[in-house]
Every structure is written in C-alpha cells, then in structure tokens.
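Some structures are shown below for you to check.
Two complexes come next, and they have one chain in common, chain A, joined by chain B in the first and chain C in the second.
Take a look at the complex of A and B:
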C-alpha cells in the first residue's frame, strides 16, 4: 500500500514537473529548427531539421550581442550601487541612534512599495530635463533609486540583529564608524548581501517597464525590451525568435544556478529566526 | 521586476513566532558621528530625487490636463470625473479585478498546494521543486515569448487539441477578445506559482514539528493537521504572500504588454497597460497620471498594512 502511494506520488509529481518545464524544452527545440521545416510542418510538429543559423541570426542580425552588453552595463553598476548605498544606510539606521530613524526607514520602504506607474511620467520628464533621456545612466539611476528602499529595509533587519558586543569591542580597539562598517558589519552581512545581489540582478536584468520609459533608441535597449523588438524584426520566423528568447534567458539562469544556495539560503535564514 | 518583495517573508515570520511578547529594549546605541549621518543622508537623498519627488509630481499631475508641450492646466478632479464615462477605463478596471482574483487567487492556491506536496525532504523532491521554480528566473518578456510560440496558429496548443479531438475549439487565442485575457493569465500563473511555493516552503519549514506530533497523538488525520495546525501556523507568511500578490497584480504590466499590448479592442487591458498607453502613445499625461493614482489608491490598503507590520517589527 505504502509503496503504491510512493509510486503514485512520484508519477504525478514527475508529470507535473515535466509539464512545467515542457514549454521551455519545446522552445529550445524550435530554436534549432530551420525556417523551411517550420513553414512546411508548423510549430506544433516534431522537429525534422537541425540548424544553428537561428542563433547566428539572433546574435548578429538582431544584434542581441549588443543588447546583452547594454543589459550588463546597466545591471552590474545598478546592483553594486544600490547594495552599496543600501548597506551604508542600513548600517547607520540599525546601529546608531539617529533622530527619526524609524520614520526614515519606513519612508524608504514605502517608496519601494509605490506602484511604478505613478513615477513614470515625472521620471521620463525629469530625465529629459537634465539631458539624460535615452542614456543607460538614466536607467541605472532609476533602478538604484527605486530599489534602495527595499534593500535598505532587508539589510537593516539583518544588521539590527547582530550582537552589539562586536561593535563595542571594535570601538574599544579604536575603530571609527567607517572602519566598523567595512571590517566588522559588512563581512557579517555577506549572506544577506549575496542573496539580495542575486535577486536584484535578476530583477534589474529582467526589467521591461523602466527601459521602455527612459530609453528610445534600439541600439541602447537592454536585452529584455530588445527581445520584444525581435518580434517586429522577424515577423513570422518563430525559430529565430525562439533562439533570441533562449539567448536572453541564459544570463539570469546562469546567475540563479551559480547563486542558488544564496537564493534559498536567504529565505532559509529568515525562516530559522 | 514585479516581484520586489520576496525577502520580508523573513521578518514576518519572526513577528509571527514572537507573538506579543515585547522585545527587550535595546540599551543605548552608539553616539552618532557625522560620517554616519552622511551614510544615511546620501541614500535617502538619492531615493528622494528618484522616488519621493517624482511621486509628488505624479499626484499633482493627476489634477491637471497636460499634452506635454504647453504648460499643464489645473482641472481639479476633472480627470477622475472623466473616468466615470470612459468605457475603456471600465474594461481595464474590470480586467484588473479579474486579474487579481484569478492570477492572485490561483497562484496562492497553486503555490501553497505545491509547497504542501513538496515540503517533506525525500528523494526527488529537489528536482520537482527546481522544475517548478525554473520559470521564476525568466523575465516576463521571455515568458511571454515562450507562450506566444505556444499559442501560434498550428502551434503546440492547437496540435494537442486536434489530437485529442477538440479541434473545433481552436481559435487565435491571443487575437480573440473572448480569450485574450485568460490566455495571458496562464503564462503569468506559470511563472508566479513557483515563486509563491518558495515563500510557503520557507514558512512551512519553520513550523514546529512537535505540533504535528501532538496533533497526531490526539488522532488528527493528515487533512485535519493541515487545516488546524499548518494553516494557523502560517499566519505570518500568509499576510506577506497576500501583500506580495496584491501589489504584484496591480503592477502587472510586462506580461500583458509583451503578449497583447492590452488588445484586441482593449479586451486584455489592465489599468497599468492603459495608463502606459495613455501616457506614452496618446500623450494625455494628466489623465494617465490620474489612472496611476487610481492604481495607487487600490494598492494603498495593502501598502499601509505592510508598513504597519514593518513598523511593529521595528518597535
């Protein structure tokens, strides 16, 4: 009886898991099919061809290479800046008796909870006004500004719970606040920083709304919005679009696989507390 | 992007477990040096410039009529009055409600169900969890394109229907006003369920196993244990998930924009997509700001609840 139950469990979970990733596998299969094969047999049929030319087309003709570079040029500085700024703010708020510190923290969190729609028009105007419309710098700034509140809030939670004796010992040894931040608090916050880093990388890399709001020219588009343009470029070449989709998905999948432990670890740390 | 609030699962649990017992007051914190003030001030100013100030402008613009060229003219609540007689606004509002119920409700049910099925560490569970979680790392644009390939005429959906003899159901899924909205909800769910599952898995892990043992001794069956032990124990996680879901639903934009742009004939229009096209395609900036304010007001209750909880945590 128990055996039957276990088999049933694995059969049904196996089926669900397979159905869950089937769309992904199917798109990967299509990305290797030739145009003639798709045209003759339709997108729903099993593959009867194999080609890499779809990837060459997406990479070169659609210039996904440049789009990927743009994405990295935005994502990496944005992640570093927002975590850097969030961690110093969280340090000050969590470890020192700053007037109104609770108000400041909640204001910052509230900013992140606002629906982005309320900011779209003013920000696109503001960016135009200061002459940074259609630049990657504007996009970085928007991501940093909008993400800061949340990262500060999470890091504050971690830093607040560190024992205060560590800091007192460092103070007695003559370390100033800057030194304590860099050599005591920051190293202890590393797990949280890694988790937030991995998460914010995927969020910023995957963004569509802010990109199409502050960037206009095609050659400056990061890969996520550029992927939408691919649909217009290769109207019915779904095999090329599939290849482009696979290319655009690779970086976040890679980051996830590399930092998997931190993703899960970040959540688990909270659960244990 | 839509999922900006994963982590608070952590603090919320702490609140749930701590109950009403007051945290021992932290004795004197350290004296504040100028450097520390700079540490807090600089990030705060960055956020003020990129979030607080634009938000205030957004609220102000909602009270104006503005084409972006001449100066905005003040119309008071005129924009909101205009909404009452705007049929597209009605559709967008209705669709947003449908979205909230179907996308929000089903992702909570699905995510919680999957978490229950996959909570016990046993062979194979890691693989199943990974499979369900995989779509979460994709952008919504990638998700949209994967499913567009699916929905194409003669794509996999159509071939499957034909094979099982339901060929007459076949239609242009995304181009038919009757099905467009639901055809977009399915991929959105596909991606969200794994995410909700992870939040619940973290919550379930923190439930004290002794409680289950006690319930078992008292003769509770699996169903009763779920109903009377698990669900009450997850109160903290539930409220986090609820906030995340409502905020995510109201923010949902990417998936609709990449699949249908709100069409055909506004049949899959959400408030967020309507706001965007009003702002950047028909450049009625005042009216679009008013739409954004409506989205904000709908989210307000949840945002306030979230902040109050956060405030209590910090107390």
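Take a look at the complex of A and C:
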C-alpha cells in the first residue's frame, strides 16, 4: 500500500514536472532544427534535421555578445546599487525611531503598486530633458528607482526582526550607526540580500519595457530587445529565435543555480515571525 | 579639495554645483537637449530602420555603405526590431533630438505624421524624380500638398499556389469569380481545403480579402474614401462585399484561424491547402527548393465594369522636421530615389521587392516580372488596409473580420459594431 502511494506520488509529480518543462524542451528542440525543416513541416512537427548553425546565426545576427554585455552592464550595477541603497534605507527605517517612518515606507510601497505603463511617457520625456536619453545610465537609474521601494520593504521586514540586544551590545562596544550597519546588521541580512539579489537580477535582466523606452540605438540595446530584433517584419526564423533565447537564458539560470538555496529560503522571508 | 578628506563644506559646495548642473538643462525645456546621443552638426545623418530581419538588415548595411562612399554627410544606420520600431516611432519623431531619416510606409500612414507637422518637406527632392509614376506622387504627397515621402520599393499581393499541385488537381488559374468558384469546388473534391489563411497572431491577413473584394466590387475610390472616414461601414455597398465573401467561406481552411500566416505558408507548400491570398513577403518563409514551384494569379475579377485595382504596398523613407542638416538629408533622400540605390537594396534583400523608380531593375525571376506587369497594368493602386487608413483603424477591422469568419450570418450586427468602433478612431 505504502509503495503504491510512493509510486503514485512520483508518477504524478513526474508528469506535472514534465508538463512544466515541456515548453522549454520544445524551444530547445526547435533551436536545433534547420530553417527549411521548420518552414516545410511547421513548428509543431517532430524534428527532421539537426544543426548548430542556428546558434551561430543568433550569436552573429542579433549581436548577442554585445547585447549580453549591455545587459550585464545594466543589471550588475543596478542590482548592487538598488540593494545597497535599499538596505541602508531599510536599516534606518527598521532600527531607528525616525519620525514618519511608517509613512515613508508606505509611500515607497505605493510607488510599487503603480502600473509602470502609465509612467512610460513621463520617464522617457524626463530622461530626455536631463540629457540621458539613449544611455545605459538612464536604464540603470530607472531600474534602481523602481526596485528601491520593494527591496526596502522586504529588507525592512527582515531587519526589524533581528534581536535588539545585538545592536545594544555593539553600541556599548562603541560602534556608531555606520559601523553597526556595516559590521552587524548587513552580515545578518545576507540570506535576504542573496534572495533579493537573485530575484532582482532576473527581473532587471529580463526587462524589455524600460530598455525600449529609454534606449533608441540598436547597439546599446540589452539582450531582450536584441532577441526581438531577430523577428522580421513579416517572417521570423523561429529556430534562430529559439537558439537566441536559449543563449539569453544562460546568465539568469546561472545566477539562479548559484543562489538557489537562498532563493527558495528567501521566498519565506516575512512569512513566519 | 585635498584628496579623499574633503570636508563637509566642500562636499556641500559640490552638491550645489551638481544641483545647478541638473537644473540648467531642465530650464532649457525641450528645445534642445544637449548630449543625448544624437549627431549634432558633425556631418553625420542618422537613419532609423525597422528592417531587422537578417537579409533586409544586410541589404540596408550595403546601401548605407554605398552612400557613404559617395562623399557628403556620413550616414549612420541604426536598426531597431520592427516590433519595437512600430510602437516607438511616434516617440522618436516627437523627441527633442530625433533621428533624421526613417524607413516607413507611403500613403495615409505617412500623412498622419505630416498632419502633426513632424515631417520634413522634401518637395525639392521630388524635382529630380520626374520619371516616377503618378500613383507614387500621390502616395508621397501630404494632405497639405507637400511632398513628404520618398518611395523606394513596393511589393504585390496575389493568390499564390504550387504549380505542381494545380497540375495534379487538373485546375488552371482562374480569371473571373465564377472560374474561381469552380476551381475551389474542384480542389475541395480532392479532399484539400482550397483557400488557406493564417489568422492566429496575424489577424490582419483577413484584411487582404476585405480590401480586394471591396476594390473589385465597389472600386478603389470608394475603398479609399471608406478607409479615410468619408464612408460608412454599415453602407449596403460594404454589405455586398461580405455577401460575396460568404460564397467562398465554405472553401476556407478551417484550421487557418488557429495559426499565424507563416504556418499557413507551410500548409500551402505542404499541399495541405490549395491557394493563399498573401503578399510576396511570404516567400521569405519558404524553403528555397519550393520557391521555383510557386506561382500566383491575380485576384479574380468580379465586376468587369470596375477599373482594375491592385494592392501594392509601397515602402520608403521620410525625414523628421527637426533635422539638423536639411540639405544633407535631402541629398541622401535624392540618392535613395535613384535607380542605382534601389537596385542595391532590391538585389541584396529577399528579392521579391520591386524598385519604385521605373528605371530600376527588379529581380529577373518570372514571378517578379509577372507581379511587376500586373501592378503596372492596374488602373488604380491601393496600399493595404492599415496603410490606407491608420494603425488605429486596423484593430477594428481585425475584430470585425474575425467575427465575420466565425459567425458569417451576423453581418448586419458586425458592420454596425465596426462603424461604431471606426467612428471612435476617426474622432480621436
């Protein structure tokens, strides 16, 4: 009876996992098919060809190397900056009796509830006005601005629950607020920071909307719009697009695998007190 | 300031300077925004292109390289994914420091930007384009009477089929509507859906049927007026289009609603459908070995009394009103209008486009020659639904036509809804 249960469990879970992963597998299969095969037999048919040339083509046509560099040039500073600033803000709001801290926090969160679409035009015009339109700096600034509210909120919840006594002990040892932040609070917040870091990396790396709003030159586009560039006006080589997508997914998958432990743990942050 | 040990006062002073620096361009509002990636008066022109597909992009690079060799302003090509370009074009044109020259479509779509006073008057470029056809001139003229567009190539629409399949089924390309119905019947009797279509993700393909039926039954002038908001979609003449359409509805591929036109192309080539009303761009998605077997016939004539019109979507360039170097831009556009420049592009792109300059040589394949002859013999030319109206009107057509294909018996209701939706677009 017990064995039956286990087998049933594994069978059904295996099936669900397969359903989950099937679209990804499908993309990978398509990425190895030749154009003539896809054109003659359709996307849904079983593969009748095998080629690596799609990857070469994606790498060259979409200029994926440059696009990936652009993506990383935006993503890494944006993640570091937003997490750094958010952790300082959260530290202040969580550990000190700053007047109106609740209001500040709610205000930051409110910004996050706003749908980004309504801000597209104001941001594009503002960035142009200050002379940073079509620069990666503008893109970094937008991502930092948008991430800050949510990261502060999460980190605030985490820092608030750290025991008061640790901070008191540090104060007695003569540490000022800066020292306490850097040597006591920040190391303790590491799990939350790692989880948020992995999350924000995926979000920023996968963003398309903001990059096409503030960037106009093809050579400054990050990888998501570059992939879109593989789509023709009418006709698209889906096999090459699939290959490009597989390449573009590598950095996020790598980050996820590296931070997987924190990622799963981080999801429960603030769930239990 | 000595090293890192800047004291509080220098820090504050620095902050003040930063703040002032941020304020200065802020005061200048949108007249000119310094240093935003443009190419201010350095003898450079920027060309914003939506031709992002591999072949077309390569052709554009060749074209620009050829111009840069002629001396004069150097052109910098900037290719943006077509999907992004479509949505961002208004933003490009209205920005403080816009790119100079843009790839886009002739006709109403270009005129809609001219009406907002965003486009450069290129009448002087047209002084050297006397050999262009009357139709091209009309297409490039704004409603205010200025030339705003330089056409460089066009393509055509037709009923495409595989020669080998037509031979196998024992049918010949029909000329009239009656013959067309007979061909449909024969192909259906062989167990193949006669008319292929692909509407999933690409619902605009159905507009080709509406366009063609309308210009065959009511004529091109009526069609243009209707799309410009000077007619009504609940007009009995429009209803006549749909009653005609009903005659062939049973011959449509029932699967066509679920996949995009690119898959519909695969279906045609695989012999799963008989014919396909589509633009020549579909050839890019065909395997090379199938291309020689492809032929087309003109959309069947319904009423011989109506002057024959064909759809010939025209592509080309317009320039922003705010260009820094109008003379350099006009020189570049005049070069784009030459037969030589258009041949460079046509030869390196997919090969089904035809140069807009009558002296330009198109590809030598029988298919292209046949298409060119068909367009040249047409009494009237139309563009395509969205190009003859606007990108805003296209979704109303998509909704109406998709609904018609689902529920062909509700024509009156559909037309009433369509008229209401169109009125909203025209009033906006």
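Here is the rule we use: the second predicted complex is superposed on the first by the 251 of 273 C-alpha atoms of A that agree within 3 Å, B and C clash if a C-alpha of one lies under 4 Å from a C-alpha of the other, contacts with A are read in each partner's own complex, and residues count from 1 in each chain.
Please note the rule applied: a residue touches a chain if its C-beta (ideal position, glycine included) is under 8 Å from a C-beta of that chain, and two chains touch if they have at least 3 such contacts.
Quick caveat: nothing in here was measured; it's all calculated off a predicted structure.
Visitor: Put chain B and chain C onto chain A via the superposition and say whether they clash or fit.
Guide: clash
Visitor: By the touch definition at the top of the document, which applies to A:40: first (chain B), second (chain C), both, or neither?
Guide: A:40 sits against chain C, while chain B stays out of touch.
Visitor: Name the contact category of A:218: first (chain B only), second (chain C only), both, or neither.
Guide: second
Visitor: Is A:133 in contact with chain B, with chain C, with both, or with neither (first, second, both, neither)?
Guide: A:133 contacts chain C only, not chain B.
Visitor: Please work out whether A:89 is in contact with chain B alone, chain C alone, both, or neither, and reply first, second, both or neither.
Guide: In the superposed model, A:89 contacts chain B only, not chain C.
Visitor: Could you look at A:57 and tell me whether it touches chain B, chain C, both or neither (first, second, both, neither)?
Guide: Only chain C is touched by A:57; chain B is not.
Visitor: With both complexes superposed on chain A, which partner does A:232 reach: first (chain B), second (chain C), both or neither?
Guide: second
Visitor: Answer with first, second, both or neither: which of chain B and chain C does A:184 touch in the superposed model?
Guide: neither
Visitor: If you tally the residues of chain A touched by each partner, is the higher count for chain B or for chain C?
Guide: On the superposition, B touches more of the residues of chain A.
Visitor: Of all the chain A residues, which ones make contact with chain B and with chain C?
Guide: Overlap of chain B and chain C footprints on chain A: residues 42-43, 121, 124-125, 225, 228, 231.
Visitor: Could you list, by residue number, the parts of chain A that touch chain C in their complex?
Guide: 35-36, 39-43, 57, 61, 121, 124-125, 128-135, 212, 216-219, 221, 225-226, 228-237, 240
Visitor: Any idea which chain C residues touch chain A in the complex?
Guide: Within the complex, chain C touches chain A at residues 22, 25-26, 29-30, 33-37, 48, 50-54, 56-57, 78-84, 87-88, 91-92, 95-97, 99, 259, 261-263, 265-267, 269-270, 279, 281-282, 284-290.
Visitor: Give the list of chain B residues in touch with chain A in this complex.
Guide: So the residues of chain B in touch with chain A come to 1, 3-11, 13-14, 17, 26, 28-33, 35-37, 39-40, 42-44, 46-47, 49-55, 57-59, 61, 117-118, 124, 127-128, 131-132, 134-135, 137-142, 145-150, 152, 154-160, 190, 194, 198-199, 202-203, 205-206, 247, 250-251, 253-254, 257-258, 271-272, 275-276, 279-280, 285, 288-289, 291-293, 295-296, 299, 303, 306-307, 310-311, 313-314.
Visitor: Could you pull out which chain A residues touch chain B in their complex?
Guide: Where chain A meets chain B, its residues are 10, 13-14, 16-18, 20-21, 23-24, 26-27, 30, 42-45, 85-86, 88-89, 91-93, 95-98, 101-102, 104-126, 141-142, 144-150, 152-154, 157, 164, 167, 171, 176-178, 181, 195-196, 199, 202-210, 213, 224-225, 227-228, 231, 238, 241-242, 244-245, 248-249, 252-253, 255-256, 264, 266-273.
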